[in-house]
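As structure tokens, here come the structures.
After this come two complexes, each holding chain A, first together with chain B and then together with chain C.
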Partner chain A sequence: MEHCEAKCGTAEQEKALEAVIEASRSTPGCLMHILQEAQGIYGYLPMPVQKKIAEGLGISLSEVYGVVTFYAQFSLKPKGKNRISVCLGTACYVKGSDKILAEVEKELGIKCGECTEDGLFSIDSCRCVGACGLAPVMMIGDEVYGKLTPDKVKGILDSYKEASK
Partner chain B sequence: MTVKELDAIRAKKQQLIDVRRLVREQAEEMAKHTGYRKQVLVCGGTGCTSSHSKQVIEHLEKTLAECNINDVLVVKTGCFGLCTLGPIMIVYPEGAFYAQMTPEHVETVVRKHLIPGGEIVKELLYQDTVHPDGSITPFAETPFYKKQMRIALRNCGVIAAEDIEEAIAAGDYAAIEKVLTSMTPDDVISEVLASGLRGRGGAGFPTGRKWSFAKASAGDVKYVCCNADEGDPGAFMDRSVLEGDPHCVLEAMTIAGYAIGAHQGYIYVRAEYPIAVERLKIAIAQARQYGLLGKNILGLGFDFDIDIRLGAGAFVCGEETALMTSIEGHRGEPRPRPPFPAVKGLFEKPTILNNVETWANINPIIMKGAKWYSSIGTEKSKGTKVFALGGKINNVGLVEVPMGTTLRDIIYEIGGGIPNGKAFKAAQTGGPSGGCIPADLIDTPIDFDNLVAIGSMMGSGGLIVLDEDSCMVDISKFYLEFTADESCGKCTPCRIGTRRLLDLLTKITEGKGTPEDLDKIEALAQHMKSSSLCALGQSAPNPVLSTLAKFRKEYEDHIYNHHCTAGVCKALLNFSIDKEKCIGCGMCAKNCPASAITRTDYIAPGHKLASFQIDPAKCVKCGVCMGNCKFKAVERK
Partner chain C sequence: MVNLKINNIPVTVPEGTTVLEAAQTAGIEIPTLCYLKDVSCVGSCRMCLVEATGARGLVAACVYPVAEGMEVQTNTEKCRKSRQMTLELMLSKHKKECLACERAGNCELQRLSVEYGCDPNYFEGEPLTHAIDDSAPYVVRDRDKCINCNRCVAACKKQAVGAIGPIGRGYAVHIGSAFEMSLMESVCVGCGQCIVACPVGALKERTTVGEVWAALADPSKKVVFFTAPSVRATLGEAFGYPVGTNVEGKMVAAIRRLGNVEVFNMDVTADLTIMEEAAELVNRIQKGGALPMFTSCCPGWVKFVEQKYPAFLPNLSTCKSPQEMFGGLLKTYYCKKNGIDPKDLYVVSVIPCTAKKYECHRPEMKGEVDAAITTRELAKMIKMAGVKFDSLPDEAFDDPFAACSGGGTIFGATGGVMEAALRVAAQLLDGKFEVIDFPEVRGAVPIKEAAYNVAGVTIRVAVASGLENAKTILEGIKSGERKYDFVEIMACPGGCVNGGGQPTLPDSIRNSQNLKELRAAALYACDKGNNIRRSSDSPVMDVLYKEYFGAPNSKKAHEVLHTTYKADPRI
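== the complex of A and B ==
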């Protein structure tokens, strides 16, 4: 397991996490909810955060870790400021979304599941955002880009690069 | 809230909704009584939101204010179904159906149509509603809508999705009123049983039977769950119901709670559906506020409440026992059955789980009766089914048709056929658990049993159309990648089986397959079907088996001839340049990422420059040269 900081982020983040644990601990089956909130606070789920949740709920770290690694949405690694998610659902796939993903990877020089060095972008694939009418689609943050072709990718990514300057 | 107050709300808003449902002349008459000269409905579902319907609404409101128009009601609804033409905007009482709206178009419509005395802007309408003689056809009469029958989607695209009063006026909560005032739990169950309703989530188990098992289970604490973990890629009907008419699900779950003796419900919904989650949260809060959830519903002495649980991206959680394990906060792994959930489900208590679309059918069954419902559909599949049409089809979107409608009607009439004049090859139904239906079975009436008989299944209703450019081996491989990735790993047949099947398919798509591989696939598939713990593993081989049964030649072509007819499997493709057609412009060589293209010394008759050639050893088969050649000199074989 990789090296982790002992502290749980900033004091504010830690306080927010404690509040979430306190508010939900008596609800049956609250672990998933707490992890979702924690990921919202930290952007990912580093080991100290998982430890804190385990202690807060009085369950073992292995149980928490087991749940985190089971679900695709929980991440052990930090994500980019702009999270790109290329849909590889069937409707998008038959319309060539694999070529969109390849173009995004080529343009950013990283592979699916990775984050650019400057932390600006990370790429993931997802299975259907339900916007099949616009296939092939990708999401950047909450924004959906539809009816894509590989040649549209660069312009979209450039607009994000521009915005971050 | 009391029954009387509920009736009062319904009466208050009834006419507003009627304007959207009546034919034009009656609607125009009705509109005079509503206080609104016109109503503009804009789709706020995921599809249209993704094509910027939010900006359309903002611009609409802004322009209306600029023009001092204040007798036009703007309503943000759920999905109209025709997602490919989004953002969609419908103006009532005329029923003018505007498609692919932009802020500029909105401006035009406001200034030319919505102003007093304005007229419909024909050139911005959905063109199927404009007759060649210039008259306007009601959109319900267009090929896309004509053969549809909307039961589950009855209120989607009709009501404001975030307004409980519009939902009530459209008929939601009338069934819970009827149930609590005049029916016993047994009456409810026998009505649902008699309707013949079968679960719309995939397996098609009779809903009434599920409920009667749970009612028969002893215990004070029972649960009602809603499966909104719509994991089948390409299916989005559950999302549309939640976005367009969330109250119909809350009401149906309450009815089931009354029928089986439960007081708590859970909706397990995908976190990938942010709009649906938001609308559900609003709907639950409103229902509690109006006394339609919580203690003493409608003052009639029944308590029921509902909470939301968010999924976190695991396909297996659509399986009922895995879903319950996930609600309990654990890894979403399935449990062996028996005991079935109706006996021992969520938190080890008797539980029923139904899918969103199933819930959406309950209100009409209670209100119009089992006899009416069972008159629709086929002998063993009653009612309607919602399909998410996707892939290589013109009208991508959501359609609801009576069970027994043929695939031909869905694809060619409603779906508008295949784009770019390509040939239909197959329809994939049932997602990763289903199979492919070839062209010669296109006249099969679609219902639960017929689909199984032809080697596919209903699944949740994803219907992906494939054309001649789709390779069936590649499609199987795509689904196996999915199931291998999503297998939870608890049982060996699924964990190892999906991986090995994927390996075999990869081998074939790379041109390294042997004839024995096909036998191995079939043997392995049978083992997986008979010994996997849950439906994920049991059905994971279906895409391979069905394509192998119907498109065996394509597999053999890959194996014996190292050839992929559809031109999809890269390893089997060979690019070459026709030296007679090549004019020697060099666009191919300039853009080749592998520097595999060089000039020859041959000049074709009539051309001035020497032609180019591709070095197969260097070629990475990306196809860039083909896209760049304006003279069609690059060939793919």
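== the complex of A and C ==
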């Protein structure tokens, strides 16, 4: 394989990705590790990044893409500055976390798995954050918000909007 | 050796044999869907589940190794119920268009569903709404017929192409190209190995049969057909003949019965390719051109180089493929000689290949071949025309493109182009060189190597079929490990006899017979039985060069018979 150019983010990001590939390429089964590192560098796994990984490992892009789409931990879409994660684990779910998720989606005008146009928020769902006593729970970044009701959502999101101004 | 019993029949097989293979030796067939000999063996479809002593629950026979004293039951109530439910689950998300499906009557899913008495609507699946991908002329994909057996993925990976793979997880999993690209945008080279691997109708070529019928019905058109070397060795399979039957005479007769046509022999332009390619090789050796020289008759291989190894483009022979040489020859020499306006001549090539459907649309080829149809499409036309194939008389090709050398005929098998070229090139280098047989380059071995000393020059050659092996050769040349002067590559494993446009055979045949060798043997028998073995001895070549081209690699020859390539890097 040769001559495949892919512009992968900033020069620093690209350099970091190249270093990760170079360090692990000879280890069998290194694809998962490289993808996790790449997602750490870019926040998500766009096509140029996946192409670079495929090229670096001498495997097909479809093989890389197959692994990326198999695991929920990998994202094809960019994540927001504030990553919202609504818990849909059993305890939160029976306490109505689906309504919390719906409220967050409504408030931000995007769906779960997406990112707002201004890049401020992205929404994901998760399975149990280990705070079942506070159900229903959502996390924004590393902050945990418990005992939520839909009417509390707007105020929380507004505080992040304010903070970014 | 390991002793076991399958359905109470004692079997002795070598260690490491799978239960499926052991059952075959006892004449017991275990149903399979995802398994395909030499291509795919992953144990994922759960059709081959059997009961075996020492195992918890049912085991997949295709991947389960035999053990001493094991007792296997392949046909218990438990096995049958399991298979039936697996089939019904597959049918729940299968587009049941069986009345008009390309593979009706030749579909593994349909056959097993009937055998197991399945209720196709037992489980209600989600509505099937996915668009058909017909972006590429070589392969059309219908995701709603796919059963996720992954045989196409295995075939594509084995070709070192990897244009398709499983995407997503669980119920949402499906086969597609990365980022849901269309096949035309993907790295697909059009070889069609996925089509012949598919057990159902999810993959097929984009058919041009309708256009050919329209041309046949158009009184202003003169229609000519020509058939590729390997088609004679495979067309019979579509009419129930055993694998490896040469049906050349009936094939010609059948095409004549499709309409007012002339039927030519593409082995003639295979000879012409050799005339040009051998001269080009000798020229490159004597004048220091780019070596090794690669053959260029396989459009899947050419596309592979353009996409993945563009640095090797100068090494590709500039010769057009026999299909395109014939197109050029017919639209120039033949039209001129017979006073036909080239736009009134409709040229149909019958080829074992899906990539050739793409090749004839390449801009460099100027549309000289109007339609390229596969062996499968020709069989379909013959059936539609109501021609009773097996009762046809044997008929001969039409002049002036009938007589060929044996060298032209063996183009259809891996090593054939190399051998035909060596016959001519060796004589060009040494007028007294009389060797005709080059057994070192024959056979469906993945990579063959040989060196010949002719007139003080050592010619190092290699032959590879299957793009995985082509990749090995290219990487070896790049690293300096491998050194050659002339290399033949065919994209499909075994060459054109095993092309992506050849008849799709039931798994029971594919898993038990060596298609590549049986079909190739039919071509080598033609070569042996031909009085003319060397392309340069063919009387047709004599006429063409005297009347039209002058000499191989002449200016006129370059205009009509040679082409150019362009880099198209893809990953």
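Operating definition for what follows: the second predicted complex is superposed on the first by the 159 of 165 C-alpha atoms of A that agree within 3 Å, B and C clash if a C-alpha of one lies under 4 Å from a C-alpha of the other, contacts with A are read in each partner's own complex, and residues count from 1 in each chain.
Throughout what follows, a contact is a pair of C-beta atoms (placed from the backbone, for glycine too) under 8 Å apart; a residue touches a chain by one contact, two chains touch by 3 or more.
No experiment lies behind these values; they were computed from the predicted model shown.
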| item | value |
| --- | --- |
| Touching partner for A:D142 - first (chain B), second (chain C), both, neither | first |
| First, second, both or neither for A:C126, with chain B first and chain C second | first |
| Touched partner set for A:A54, first chain B, second chain C, both or neither | second |
| Superposed model, chain A: greater residue contact from chain B or chain C | B |
| Contacts of A:G43 with chain B and chain C, given as first, second, both or neither | neither |
| Chain B versus chain C as contact partner of A:G9, first or second or both or neither | neither |
| Which of chain B and chain C A:Y93 touches, first, second, both or neither | first |
| First (chain B), second (chain C), both or neither touched by A:Y65 | second |
| Touching both chain B and chain C, residues of chain A | 63, 66, 70-72 |
| Chain A residues touching chain B - in the complex, by the definition given at the top | 28-33, 35-36, 63, 66-67, 70-74, 88-91, 93-95, 126-135, 137, 142, 144, 146 |
| Chain A contact footprint on chain B (complex, rising order) | 46-47, 49-51, 82-84, 86, 230-236, 239, 271-274, 309-315, 326-333, 347, 388, 390-392, 396-397, 428, 431, 462, 464, 466, 470, 475, 478-479, 482, 488 |
| Parts of chain C lying in touch with chain A, wherever the complex brings them together | 157, 161-169, 176-179, 186-187, 308-311, 567, 569-571 |
| Chain C-touching residues of chain A, taken from the complex the two chains share | 1-4, 6, 47, 50-51, 54-55, 59-66, 69-72 |
